[in-house]
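Labels for the chains are A, B, C and D, by order of writing; each one numbers its residues from 1.
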Amino acid sequence: MTHPELQVSQWFNTTNDISLKGLAGKVIALEVFQMLCPGCVRHGLPLAQKIATTFPQEKVAVLGLHSVFEHHNAMTPVSLQAFLHEYQIDFPVGVDEAGKGNIPKTMEAFQLRGTPSLLLFDTAGRLRAHHLGNLSELALGAEIATLLSEGAANETQAEGMGARSECNAEGCMI
Amino acid sequence: MTHPELQVSQWFNTTNDISLKGLAGKVIALEVFQMLCPGCVRHGLPLAQKIATTFPQEKVAVLGLHSVFEHHNAMTPVSLQAFLHEYQIDFPVGVDEAGKGNIPKTMEAFQLRGTPSLLLFDTAGRLRAHHLGNLSELALGAEIATLLSEGAANETQAEGMGARSECNAEGCMI
Amino acid sequence: MTHPELQVSQWFNTTNDISLKGLAGKVIALEVFQMLCPGCVRHGLPLAQKIATTFPQEKVAVLGLHSVFEHHNAMTPVSLQAFLHEYQIDFPVGVDEAGKGNIPKTMEAFQLRGTPSLLLFDTAGRLRAHHLGNLSELALGAEIATLLSEGAANETQAEGMGARSECNAEGCMI
Amino acid sequence: MTHPELQVSQWFNTTNDISLKGLAGKVIALEVFQMLCPGCVRHGLPLAQKIATTFPQEKVAVLGLHSVFEHHNAMTPVSLQAFLHEYQIDFPVGVDEAGKGNIPKTMEAFQLRGTPSLLLFDTAGRLRAHHLGNLSELALGAEIATLLSEGAANETQAEGMGARSECNAEGCMI
């Protein structure tokens, strides 16, 4: 895995300990948002919800990451919890761990430039797409399916070859 | 005035002390909302913003009232202030004063059933319409203009008659 | 009446002979469109349909005028009839009479610049508003209600005065 | 090829003779519509246009088929040509050949139940999906990309095997 891991202080909508590494084998759609960001509420989060209902859970994992970089007092975990309830967001959402300045740790590690950001990871755990702002659903659907197809092809290939020796606990290398 | 007055613990976007009574002479559009209510964010508040930009301020006063009846810890004045900033809401917004139970005082006094609620008051200070939920813009535009026209007609009539003796400090009676 | 009259070669959705003059006493909303104009299909005609369902028929008359100024062979009355059926447009629609050039007669007489155009006439038959393109529903609802209020005020005034001698077959003068 | 071929009396937006067979090797998205069908104008055709701009032309061919089964006099090729111009539809559109009754020949051969219908063919020329009515863009994007991935996998496999002997002039069999 050539990219950072999630650094989360608290999870909602899950009792599991979630990591990108632990989801290897699935395509991951990571929606990075702030609850008071209008573009996140209008576009980013509804799109993440559609991904969750369109693709089977065992193939595509949808995660939210609440990366607050402004108005920190206004977007506390208490407010976030009510927000998730009211907007009926039921996929796992992590609170990005506070950093030294305004930018939380995961956001800084991935060098994200704002919210909403949508990150796509392939079944081998590699970061494959990074979108900021509003997206074409048609193009996004195609991107996710392409990553799924690659994963299926890899599995078939691996089965044929007997082993995927290039994959280790950190993920899979090219 | 045959209806209750606003009971507000804190105002945003204004330095004035605002009351329904004090706005007599104007049509008042009062948008009652909660910052984490999806219908308020999608429909109610954008409609209130359109009213504010469509009608002249000296004729139609647009007010917001933050009437929190659930998730009180999540929708504090600190969170509301950031919300108003992020959603670029610049008309005056009052925080409905906490009541004994979950329902805040103004909401209880007006017997409102939920959010978003839009209340319209005529130029004589009478409550003339009370809408819950999503609205037709065309019909609402007509309602506001009708109240404005009545106000103008009353003024003309009053000028002709010399005085509007039925109006006192409390407002005007039918 | 200081503006031109409709020049129509054929009416749909009515068996009456319709004229602006004949509708004096009502506010008239005249939607000028072409059946193959995307802006008319997306915005203009749906708005005219909303006017028809929002305001009472005895107060606001909604009319369509099919003013074809391009692709004349493609937008014949036969095609228009099927179009009105498919789009469920049930207010009266007239076919603007062919002119010498590409521009039909009513369109030329009113000096319209394109479609969709929405013309509003007050209860005294005067042309009061002329909109080209997409419109704010809130503002339009207010415009129509203002014209209705003026009409009501005129009636009240006229009743008080005993007669509306200033109205003749051509409409009503101030 | 286990499905019927297009039966077209006239093509617009192309000077080539187009057939499903001739497009083997590409994924084909065939949008079946009527120019006066509101659902086609609102959803079906805009979606076909998005497919055309989202996927590369050398991989995904977008075709329109004007399958008129009602109001035949109203939706003639002359009217269709103006419609395509006004709605800026620039992918190839064929006129489904008139049948003995109201249903045109291709529509009948494919046993389509209405418009808009979207048919997807894989790179081997097989009919793989048949949608009637409004569609999820996210799901459709995924479907198209999946067909593209299969095609790519087949090519790789075929290259490895030396030949795709199961493909003949009629297309490719499983």
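Methods note: contacts are C-beta pairs under 8 Å (C-beta built on N, C-alpha and C of every residue); 3 or more make two chains touch, one makes a residue touch a chain.
In UniProt terms, the chains line up like this: A, B, C, D = Redoxin domain-containing protein.
Here the structure is a predicted model, which means the values were calculated and not measured.
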Distance-wise, how many Å sit between the C-alpha centres of chain A and chain D, to the nearest whole number? 35
Counting in whole Å, what is the centre-to-centre distance of chain B and chain D, each centre being its mean C-alpha position? 53
With centres defined as the mean C-alpha position, give me the chain C-chain D separation in Å. 41
Listed in rising order, chain D residues that touch 2 or more other chains are none
Based on the touch definition given at the start, go ahead and assign the chain network to line, ring, star, complete or other. ring
Each pair of chains that touches is included here, namely A-B, A-D, B-C, C-D
Spell out the residues on chain D that touch chain C in their complex, using ranges where they run on. 36-38, 41, 70-71, 73-76, 78-79, 81-83, 85-87
Touching chain D in the complex, chain A uses residues 47, 50-51, 54-55, 136-146, 148-150, 153
